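Only one structure is covered here, and it is reproduced in the block below.
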Amino acid sequence: MKECVFAGFGGQGVLTVGLLISQMATYKDYHATWIPQYGSAMRGGTANCTVKFGEGYIYNPSQDEPDILLAMNNPSLVKFLPLVKPGGTIVVNSDLVDSEINTRKDINLVEIPCLTLAKEMDHPRGANVIMAGAIVKLSGDFTEREAIDGMNDMFRKKGKEKYKELNTKALSIGYNYI
Amino acid sequence: MSKSKKVPYLVDRPMSFCPGCGHGIAIRLVAECLEELGQADNIVFPIGVGCSSLLGGGIEADRLHCSHGRAGAVATAIKRCNPNNVVISYQGDGDAYSIGIGETTSAAYRNERFTTIIINNTNYGMTGGQMSNTTLPNQKTNTSVYGRDCSVTGNPIRFPELAADQFNVGYAARGSVHDVPNIRKTKSYIKKAIEMQLSGEGYSVVEVLSPCPTNWKMEPLEAMKHIAEHVTTYFPLGEFVEKEEK
Amino acid sequence: MPKVMTKPERCKQCGLCVDACPKQAISFGDGINAGGYNYTVIDESKCIACGMCYTICPDGVFEVLGEK
Amino acid sequence: MADMMKGNVAIAEAAIRAGARLYAGYPITPSTEIMEYMSWRMAEVDGVFVQAESEIAGINMIIGGAACGVRAITASSGPGISLKQEGMTTLSDEELPAVVVNMVRYGNGIGTLYSAQCDYHRETRGGGNGDYRCIVLCPSSVQEATELMVLAFDLAEKYRMVSVFMSEGALGQMMEPCELPEMRELPRYPWGFDGKYTNKKVGIFDRNSRDEAVLLNEKYNAVKENEQRWESIDVEDADYVLVAYGLPGRASIGAAKELRAEGYKVGMIRVITAWPFPEKAFQEVNPNVKGFITIEANATGQLIDDVALTALRTIDKKVQCYCRPHVYGIPSVKAIKQDFIDVVNGNMKEVY
Amino acid sequence: MADMMKGNVAIAEAAIRAGARLYAGYPITPSTEIMEYMSWRMAEVDGVFVQAESEIAGINMIIGGAACGVRAITASSGPGISLKQEGMTTLSDEELPAVVVNMVRYGNGIGTLYSAQCDYHRETRGGGNGDYRCIVLCPSSVQEATELMVLAFDLAEKYRMVSVFMSEGALGQMMEPCELPEMRELPRYPWGFDGKYTNKKVGIFDRNSRDEAVLLNEKYNAVKENEQRWESIDVEDADYVLVAYGLPGRASIGAAKELRAEGYKVGMIRVITAWPFPEKAFQEVNPNVKGFITIEANATGQLIDDVALTALRTIDKKVQCYCRPHVYGIPSVKAIKQDFIDVVNGNMKEVY
Amino acid sequence: MSKSKKVPYLVDRPMSFCPGCGHGIAIRLVAECLEELGQADNIVFPIGVGCSSLLGGGIEADRLHCSHGRAGAVATAIKRCNPNNVVISYQGDGDAYSIGIGETTSAAYRNERFTTIIINNTNYGMTGGQMSNTTLPNQKTNTSVYGRDCSVTGNPIRFPELAADQFNVGYAARGSVHDVPNIRKTKSYIKKAIEMQLSGEGYSVVEVLSPCPTNWKMEPLEAMKHIAEHVTTYFPLGEFVEKEEK
Amino acid sequence: MPKVMTKPERCKQCGLCVDACPKQAISFGDGINAGGYNYTVIDESKCIACGMCYTICPDGVFEVLGEK
Amino acid sequence: MKECVFAGFGGQGVLTVGLLISQMATYKDYHATWIPQYGSAMRGGTANCTVKFGEGYIYNPSQDEPDILLAMNNPSLVKFLPLVKPGGTIVVNSDLVDSEINTRKDINLVEIPCLTLAKEMDHPRGANVIMAGAIVKLSGDFTEREAIDGMNDMFRKKGKEKYKELNTKALSIGYNYI
């Protein structure tokens, strides 16, 4: 079972990244849970969610000890850094996050300039999908194909197919950035 | 050169409202009036549940987080027990006009000697933007996704008018914070309301039209423009009753 | 002496003051505060201490140092 | 020689003498005389009386008054108390002391006017959201009612909790000779609102729930340790112990005495604080007791759970617990004796 | 392959498919999505949606709809459910079926938004006046939530009772793969108002309370006998049995399995019907069990009472009952295992 | 010779009101109107708590004893679920205007398509005569033993006027049962109210001034005179709004 | 044929009909009903079947046998 | 311990008779309880109360098995007849009550035309006090003096002294009617 935490400012699409990963897992017939932090804390502008997936039943869907942390901004890194499992992976949005904040030696820090990458590919709202691609790769649980199919399946069901190509590309960029 | 302007100490701290939210302006106006009337250290705030709740850490004064909608009853008792304190209930439109309609109208009905400030942002802001009793006709909210249908949900309620016309209240007005002139006028209403309370003549209420950019899904400036262009057409600004002081 | 003092840590980048300032004296700088917002900066040379920014700002960022 | 006094009037006057200076409420039979009395009496002591538009407004006025440090009281019954649940949990949460009188009437929903004990579970466990507890005081005579009213205010103040004064409707309507408590002249609670933010601990919004949970449990444990009240007779050697409260409790004492006189080894515990439940009374019970029997005026049996749980904590072995809910009214001494006989003869099945 | 679905949305859609044709309520986090979903979905199935002015109006609209024979549902949380207590006892009294969803959030009073289990006592015993009971269903996954929603309507109909759907706030907010139940096309209940006084048993005012008390107990006994639901593992030979419900119950199963794997003789009962409490689950427990341990997300421990009472009825000897209230949230599998170790090591005192 | 007059079967049974109580007249008028409009077998009554409760055994029709004050909400749902039934909530002044003020105004606000009949006897009759929101100035009741002091308890509420002026309702009127001409006029109001419901145009309310000889401590005839001479001076009789049928 | 029929068991002796009858045709008789009330009796010779008694009686005592 | 039930129409003053007897008992330092039937049944026009008094503590104040019943009207006699203790006493207002209703042989029926007596003494509202006098005598628990003093003490405290003489006379009439 893998546990991932996705955290950032409200507008950075972290809840969607989480949902994407969970949907990919479901698409692969894994068990999966997605759970957001909710409530008036939203107003502070930060958002995060926890996704767990794997072959076995997920007994505790809530945040516990993440294997993977996505930190899209500094406050998120500060907040979740202590929770990450020893040996775990932290993916940071290096366009915004100051990696100096990281004080842990027992984790694997991956820096991805997702805003830059998104700008480059002319899909500025795709930064989160790029990160999803990276995480898919880092998790080792999905092939690129599986990830893309899972994602497109989800967007299609939500009636959001129009960005299909752009999103596919963004995911690949993230996947292959690793 | 104009007069110096400093945020009154009552509210001189970070507020946790969303960017461009009108609550921050409104509560500052209340604090300014209290300061100018020499009442900043003679004030009790019963505060409603809603984004008003975010004031918990925002004001340094006696304040009580009332159950949703019940500030009118709580304020009644506070004012009766402490008649020499200025008592101002600070509530949202959902709090005062939906769940609290009984307590709000009953306080006005009894002409309780406190002041009510109602932040009308035409929706339930705190819970993420549902329809309220002040939601405009055809306005889309999370519980009126195709736009408010007034034929089954009613027309937006106009409480200051209702209080002025039906009850023997001291003062009732509606202001807005969508631009500087209106902010100044609204401040004058709030001041009159508190003066009415100080005179002991009766209940006073000021409704404040206020933007909720987050749930209106608008940029802050756009939200202000929306008030000027649309909200004020349903909610006329002005004073509806002002009792003569004895 | 400055005409307006600000508390940039409170700014939420709503832009209301930028719009309200009659002299276009307010703009967003490059700095980012703890909340993640690009906060406002004042061009003192343009400012006439009219106080509009104080009046419109929902977050108490401004103090106008006019006549007492 | 004391004069005959109506329960509700004695309760109201005792509250005034205990220092109550705010009454806010809404009428409902069989509690209304308390409000009617307060409507003119409060002014005589410079207190505040508000006829609220509803029970909800009433309890929220109590919140407002209590936050100003005023001793505040409201009274109601049946559905009226149901409407106060949100306010009562809010009082508890804000640690505002107050007294809520429930002159219990029988029935679910709109209910009836019959005197009963059907709100035991709710009052002892809280019908509002959350984990709060209220002190629950149950008088069995008009005289005791006046004394418990003073205690209700004192405990509410000491622990900054809500005291629920839970009595059967009949006690409010009946008259008995009664000596009223002394009139006290008390200042307001020192920590109330004064408009100057002198006291920073009332009405604060942001709090740490985990820390508070610890404090809450500590407070409740202190109340449990210190504030149990009961009356008991003949429990040390009893084969069977009757357990009851209020007017049925009073009748049960009569029954226990008669049964003793007839040679049965019967004891009786009359619960005075339904919360904290008088565990200490059970510690005095014969360790070889054969059974506890609750006598209740409700439909389903409610006190029985606390009796079984308390027996579990205090008696080293499993003891049978029986329950005879009499629905409403006050069971007669004869009826209670019959309940006992039914148990002894095996005609009543144990609940636990 | 099922899609990820948000708990509250799944709950709302399941209710529609189970036949709900009236939703009336007032928003409150973390239940609001149910109402938001219903606000547009109800019209699609020709049902009635009313945004009520308050929770009180909401539950009273449910009363009105149920009296017309319509499957009716409302949802709320925290103080909002407190406000519904009068309406819920009235529904119970009138024997009107309805479903009330409580997406439980932590805290007394206004409370917090944290997911919790602090309303257990209230939901299982009724926070309104009187002796009524509601069926209380507690899901532990989004999938189970949809299934229990159908059951909630069916049991409400079968017994003409209120079904309380009690879930932690987190379950409403989380997403899981979920297969929705089939859409049912059900007629209205046959006994509702039609304006012609066809059915003389709804809404009658004058009734005999003593007779009704007998019927009430009979009905509740039938529910207790027939409607217990639970999931249990490894209880037959367990030295210790964990007891929990909802999401903490789900986590406790994980903990029990891991403990078993580590060699501890641990069993687990996950309560699905908090009322009727699954006594039958306890009948299967090892008669030499050493202790029950409840895992709860509240401040004071609430489930523990029912566990102790049920152990008393089902196990021949006194069994220690332990309780570890985790205040709010979902305790992690690790934390629950630690609770168990604390009990085994004597680091946790028993409650009963 | 005039027309024959027979108590409609809906209410043709012993009533348990006190001697000379106006409830008995009012409910008969409702039944007569229903009969004349052919709706006597198409009626659901949500009934308030108060002496209205005594109707439990008094009328043979679908009827629900609502929790005190909540008939407005119950009726809302009944009418929406059964739009083809005539739905009439029957309530007292305490029920509708005090504890139920939220539900009563909210139903009017939403313009729910049912009819409300409110028996205004200027006190809480059932509980033995306490002050209500319609108690006259200086009237003595069990909670205003020296006479109602309106300066702290408010002036008697005038709900039909409020509904007519502030909300978009279909019909609002006030009648009285203190003598035969007024009984006839009141009947015509009730009939119009039900017709408004039948037309589907909107909410209709008729307040009925009614004697409570028991708690007024008056003989029945004296109580009727009291209405004519005093009660009607505070509560003007007449129609306040009547929407055009489309 | 009588012009007015009564259900004396319902009468509560309130006197409203006695006052309302334009012909003074109604009075209290000697009979006492189960409720303990002196119920009304009608002097048929005076009655003009005007229906006032029906209209004012709160307890449904009267039935006026006028034109259908 | 004695148990008495006082029953009649609302206006017949039965609650006051009960209170009188209980106050006399208190005046004599007896224990005493008075408990009315309350609620909307009032509207039916009947009222009743139960008084218990004696040297010992009264465990159950509510209606049980009355030693003495006062029935001021027919419905009251019908209602309470079956409850009276064997050997008990029933006092009826013979001006209104039809004694034929009594079907029990094991009780002592006392008929008192209290309305007539009250009219005769020109104190029409004193019928209930006359009955109180009779019951005092029948109970055997009070002397005439004790009863009069107890009664007058009560009316004095209630500020209702003006009928002192008439009430004293009425009580005596009742007392001596037996």
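Order of writing sets the labels: A, B, C, D, E, F, G and H. Residues in every chain begin at 1.
Convention: contacts are C-beta pairs under 8 Å (C-beta built on N, C-alpha and C of every residue); 3 or more make two chains touch, one makes a residue touch a chain.
Just so you know, these numbers come straight off a predicted model, no measurement behind them.
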{"item": "If a chain touches subunit A and subunit B alike, it appears here", "value": "C, E"}
{"item": "Number of hops, subunit A to subunit G, where each hop joins two touching chains", "value": "3"}
{"item": "Two chains sharing the most C-beta contacts", "value": "D-E"}
{"item": "Identity of the chain that, by mean CA position, is farthest from subunit E", "value": "G"}
{"item": "Rounded Å distance between subunit A and subunit C, as computed from the means of their C-alpha atoms", "value": "36"}
{"item": "Between subunit E and subunit B, distance of the C-alpha-averaged centres to the nearest whole Å", "value": "38"}
{"item": "Centre-to-centre distance between subunit F and subunit C (centres being mean Cα positions), rounded to whole Å", "value": "59"}
{"item": "Residues of subunit G touching at least two other chains", "value": "none"}
{"item": "Per-residue overlap in subunit D, given as positions that touch at least 2 other chains", "value": "29, 53-54, 56, 79, 86, 90, 94, 109-110, 112, 114"}
{"item": "Numbers and ranges of subunit F residues touching at least 2 other chains", "value": "17-18, 53, 65, 67, 99, 101-102, 106, 133, 153"}
{"item": "Sites on subunit F touched by subunit B in the complex", "value": "99, 101-102, 105-106, 109-111, 133, 151-155, 157-158, 161-162, 165-168"}
{"item": "Subunit D - residues contacting subunit B, complex", "value": "21-22, 24, 48, 50, 52-54, 56-58, 60-65, 67-68, 70, 72, 86-87, 90, 94, 193-197, 199, 202-206"}
{"item": "Interfacial residue positions of subunit C with respect to subunit A in the complex", "value": "34-36"}
{"item": "Residues of subunit F defined as touching subunit D within the complex", "value": "49, 53, 65, 67-69, 98-99, 101, 124, 127-128, 130-131, 133, 142-146, 153"}
{"item": "Footprint of subunit D on subunit E - complex, ascending", "value": "56, 77-79, 81-83, 85-86, 89-94, 105-112, 114, 118-119, 121-122, 125-133, 209-210, 212-213, 216-217, 220, 298-300, 302, 305, 308-309, 312-313, 316-318, 325, 327-328, 352"}
